Amino acid sequence: MTDRNIHVQPESGLAVEDQEVEIVERKGIGHPDSICDGVAESVSRRLATAYIDRVGKVLHYNTDETQLVAGTAAPAYGGGEVLEPIYLLIVGRATKTYEGTRIPAERLALEAAREYLDEQFPHLDIGSDIIVDVQLGEGSGDLQTVFGEEAAVPMANDTSYGVGHAPLSETEQIVYNTERRLTGEYAAENPVVGEDVKVMGKREGDHIDVTVAVAMVDEHVADLSAYKDAVANVRAYVADLATEYTDREVSVHVNTADDYDEESIYLTTTGTSAEQGDDGSVGRGNRANGLITPNRPMSMEATSGKNPVNHIGKIYNLLSTSIAESVVDEVDGIRQLQVRLLSQIGSPIDDPHVADAMLVTEDGVAVGDIEDEVRAAVDEELADVTDITRQVIEGETATF
Amino acid sequence: MTDRNIHVQPESGLAVEDQEVEIVERKGIGHPDSICDGVAESVSRRLATAYIDRVGKVLHYNTDETQLVAGTAAPAYGGGEVLEPIYLLIVGRATKTYEGTRIPAERLALEAAREYLDEQFPHLDIGSDIIVDVQLGEGSGDLQTVFGEEAAVPMANDTSYGVGHAPLSETEQIVYNTERRLTGEYAAENPVVGEDVKVMGKREGDHIDVTVAVAMVDEHVADLSAYKDAVANVRAYVADLATEYTDREVSVHVNTADDYDEESIYLTTTGTSAEQGDDGSVGRGNRANGLITPNRPMSMEATSGKNPVNHIGKIYNLLSTSIAESVVDEVDGIRQLQVRLLSQIGSPIDDPHVADAMLVTEDGVAVGDIEDEVRAAVDEELADVTDITRQVIEGETATF
Amino acid sequence: MTDRNIHVQPESGLAVEDQEVEIVERKGIGHPDSICDGVAESVSRRLATAYIDRVGKVLHYNTDETQLVAGTAAPAYGGGEVLEPIYLLIVGRATKTYEGTRIPAERLALEAAREYLDEQFPHLDIGSDIIVDVQLGEGSGDLQTVFGEEAAVPMANDTSYGVGHAPLSETEQIVYNTERRLTGEYAAENPVVGEDVKVMGKREGDHIDVTVAVAMVDEHVADLSAYKDAVANVRAYVADLATEYTDREVSVHVNTADDYDEESIYLTTTGTSAEQGDDGSVGRGNRANGLITPNRPMSMEATSGKNPVNHIGKIYNLLSTSIAESVVDEVDGIRQLQVRLLSQIGSPIDDPHVADAMLVTEDGVAVGDIEDEVRAAVDEELADVTDITRQVIEGETATF
Amino acid sequence: MTDRNIHVQPESGLAVEDQEVEIVERKGIGHPDSICDGVAESVSRRLATAYIDRVGKVLHYNTDETQLVAGTAAPAYGGGEVLEPIYLLIVGRATKTYEGTRIPAERLALEAAREYLDEQFPHLDIGSDIIVDVQLGEGSGDLQTVFGEEAAVPMANDTSYGVGHAPLSETEQIVYNTERRLTGEYAAENPVVGEDVKVMGKREGDHIDVTVAVAMVDEHVADLSAYKDAVANVRAYVADLATEYTDREVSVHVNTADDYDEESIYLTTTGTSAEQGDDGSVGRGNRANGLITPNRPMSMEATSGKNPVNHIGKIYNLLSTSIAESVVDEVDGIRQLQVRLLSQIGSPIDDPHVADAMLVTEDGVAVGDIEDEVRAAVDEELADVTDITRQVIEGETATF
């Protein structure tokens, strides 16, 4: 056992599953805020990799400020068109010269963004439906960080905290998987479903309302009747999906803002509302675990685009979630676990100022019964902190 | 009594003041994120006012996406200079034509931004230290909202929620007032203090650490010794100030990242870190009540720049805080009150789907004793919902 | 014979071939100014075509203001890379709505630019080596012009003039063809030659100096020795080529600014100096005939990007050259012909205020001998003025 | 006498005053192209001065690529407003670091632009009617030039030429002074006259047509009748002014595109057409002598914004005009003098490859009579070449 400052204690309030009202939201991959998150994180991974390849370690950078300015489009049954392009400005800091080696940070950022968009947004014509611009300044020169070269654990350079939990509540599972599966397996079979899928879950007592807004792709919608079919199909799919995660009663609502009489429907050319009037930016949407959960403590920190070597907020948000998941996996008897990590400037990041584990145990299990086990599991995960950095750089960990 | 759906119930967990660890943060008015918030909200107010003046009602707009790209500066004892300007891009949607009347939304946005910056940032030379650019598209034309002309309460156009609390904990009061008073009364006497003041409060048990980062203005710093004096003076001022809000033990830390040996200190030419490497954007910093409070539920919604007539997230965040404050004022016996409002699409915004009041009462007071009083007070505040809109437009309510 | 106001008269000065010093320049297709010309003209053609396809006639537009901001690159033997992208801003005016039809002018502009760049610049990675941005405002709404729908000849909307000549002098032929053939047939066989080829010809008496600056493509240059070979090969090719156009003595100079000792050579990654420090814009380079000829009158008007239906300067510059070429073809005995067309506001463009033909005849031919023939030929060409518009839209006529 | 290569010879053609048709144009200071020229040259002067002040010599820069994107305005009798701002992008290269000294090139550029615009355009609200942006890259580092520190004459770094003439023809004088005096003394008394005044002179035989387009300032125009008065007053003023420069018959036309029946008139809010639909860029308007003169040889080189120490095209265009003026002043008997200077790479710029003086003498004077005098005067002016650089930096010489 190490001497890490790990507190294990009972959660003072109700488990989220026991609270009367629970609200959960997920902005899908094609939501304007998520587009920014995705681009920012792709750019970050590309830069980290390039630094390791070229100078053997990750240098100072942060690319967590992408801004999307919406375009204008004229969707139409059978296929419309973008009128004025979306404008995406990648903003951040990057080291461009290191001991004589020049790193093409801006070009790499553009490449990463383009590849990400190309891969994720098949209906978006990169370069004409969307303009990608970049402004990467150089930060303070002395902030050079070391990763890859040596095994050293970095020092925290800020007072920051991260918070995560496990397991997901039923509502959380439904919300998360609705988006993931709609834009994944379902869209693969049903190309009418665009990437901009927003899911809001609201549980009151034992009734869950799942409200889904799906940007339908006009190319695959012949007319209003086809649109209605598409909506009905999504509704049925989600209703079915929900039963995998809950026995509670679930109502599914799809594209509720539609007005069929006015033929005002959620039709898009590109699969995202960014084509018409919805701006976006990094860190305004999902938290690091992919959800917005007002019933739980959340960090305001944007995770996407941050440097995974030394940005303590990013690391601790991802790590606290990862720890919570591992502990719940390893230790029996936990109904709900929340992990909070608080950094200490100047100390190694594997030695947080405080690591809090707040437990709700299953019936018949006391916190005291599993406290040591939990502490040991947290301790083990902390010891492996730099693995989070590696996972992020290699794209194994989602950040939004 | 109305039939509004108001729940009054005991808080299930510990009062924040009773929790072992409390973290509170405030990004001052000159922090890059706050600069964006401030500009976005100024633009919003200007547009709302212009719409009322020109067409008698507030039309559709949202200007909640300002992005700041940091500049480069060379601060120096006695006065340095900006090398490369800060770039500020105001992004959003605004109605530009209404029944034949053209509204100069982009020009008004620039004027509002310029006036705000001029007023708040005396060390920043608008137009050469900072470039202000604007891209306001037109949103969906049918989203015209009515305010000012008629007394009607708008309908909620989204499922959204807001959350607020009162009173502020001691740590919250210290953090909030440290920034407000340092950049206010103290800076008026001590121009060495720039507008970028960031305050982090951490309470563990009965010990509060207040960590303040103050961008010192180089013009008023003759040399390292003068800088050290400035730091010491701020420390003394904050230590003194803290005693007004708490009897707990307080340690104050100022500009802890300084390294005097390397003469690496927090010196700026303009009073904000935006001059050198710190980007910013709207909605990434303080919540609507001016604080970041991970111990409490928070909304992810950006408040600044949103349309105060129909943006339900903005209205409910401001309103829930305002309700909590009023109720605590009016009703005796409350230690902590959290108010949460959840909207219902298509219903008037003064009639939320749910209004939750979570109470921690003072010793000797039961929730049941004051439940009716609280419900009545919440009800009354809800009835007056449109006053929040008026206050926002007239600049009486801060949003960050 | 019509009553067009056509003056045929002897040239008052010496034929250019007889002047002591003659200077001729051509900026190749990859020169930053020419990149702008080429993009502007592609955009213009795309818009004109789209207007005809969608509303049956060409509407008001002008896209003659593209600005290129140079990038930064690190060329290297065997292949280097772009560090910071080139930025290209397409500026202009375009009609975006016409009788209910929306025309996606900005998207079309981006598409046209991208396709043009893709086709012409194989070493340039569009989207990461170069960012293409666009700002097309709407001009005055009433300037809607008619082309395609009816056979009417448009009215001149400005007082403007155009000037052209034929045949090309020997020096002009050499300069023009050196660039055309180097970046054409020669580059096809020798990919080391980039698109940015600048040719300056200077004739003093009977000696012609041809100075060629060729952006060599680093991917095809193994080392300094290979570079020297590439330069020597170009020199030999041009020297040989020149003999096809002249019997005068010709000296060829290639990449004279190179300094082999310092290994300061003209190596590029993308084939254009726009990658490193050379900005560009429309209308700053070649005139409508592809040359800069200070020994002859020139128009300052930018031709590329202008609306070919109603922009009288563009039409008259192209037409005067075309007339001069046709007349020289059809009428024997002409050594040099300069044609100048001056428009008259409010008159049909086939009826210029003045059409001047200034002749230098061959020995033994008097101007009077061929005056009527010339006048008739000019008259005939003027009658066919709208064919220039068609040629431009269909891309048959170069504009730079 | 030096051994400079100065040729003095008779002009082979007719003097411009004797040609049948003469065309002359001047774009006034408020024309969008001229705004760009003016800003570019202001920026250039500011940078040159800053380099001298900070490092004792002028370093490498070129700021000759400003691009203006027009705005949108709603002028109205008594005073209208700008709807969407003009966007001005200053583009170029500048040395930002020299032997450890950092030069704030971008900030200085913005300051210079703002001050220039403030001073010249009283009706334009800088920062809200117009956005000024800047992108100054760094060029090739080795191009550092020396001026101020030592007396050395720089070497030509390019093959370039300049051309100038004196005296101005009558039509040239009228065109030039019409703009200068309308926007000068006349506008001082008659604020209705904006800065955007475009003058076209056309002489056929002994009749001169002066066509003036004046952007009237709406604030000073109460109604259509007031507008008509303003037009009539300008016409009378110009007609009167013209008699100072010629005995020929002069017709004056003002704002000929107006259509009073449609109330389509040339009314602006800011005094420049840049507010509505007219884009602009550097080097597209007046040549270095302030005129566009298709009857005379012209250089395509943009003069404004170029580095006056080492940009041989700028220096030779200004110098050839200055030489022509001085020689005509000093030597009697000259009707027309054209001077052309051709540089030689690697030679001092006071020793051009060729200096050509083409003379038309007055009746009774032979070229041979004054040839030596002319050569001596040219020689003397060349010896003083660096004075042109000084004049440009100190703002004594106009460049457009």
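Going in written order, the chains are labelled A, B, C and D, and every chain counts its residues from 1.
We take it that contacts are C-beta pairs under 8 Å (C-beta built on N, C-alpha and C of every residue); 3 or more make two chains touch, one makes a residue touch a chain.
Computed from a predicted structure; not experimentally measured.
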Based on the averaged CA atom positions, which chain is farthest from chain B? C
Inter-chain centre distance, chain B versus chain D - centres from mean C-alpha coordinates, in Å: 51
Between chain C and chain D, what's the gap in Å when you average each chain's C-alpha atoms? 25
Counting in whole Å, what is the centre-to-centre distance of chain B and chain C, each centre being its mean C-alpha position? 56
What are the residues of chain C that contact at least two other chains? 84, 87
Which chains are in touch, pair by pair? A-B, A-C, B-D, C-D
Report the residues of chain D in contact with chain B in the complex, numbered from low to high. 74, 81-85, 87, 96, 102-107, 110-111, 114, 125-129, 131-134
Under the definition above, what is the set of chain D residues touching chain C in their complex? 7, 11-14, 19-21, 23, 62, 64-65, 67, 69-72, 84, 87, 89, 91-93, 135, 137-140, 142, 159, 161, 163, 200, 202, 204, 211, 256-257, 264, 276-277, 279-285, 287, 292, 294-300, 302, 340, 342, 345, 354, 356
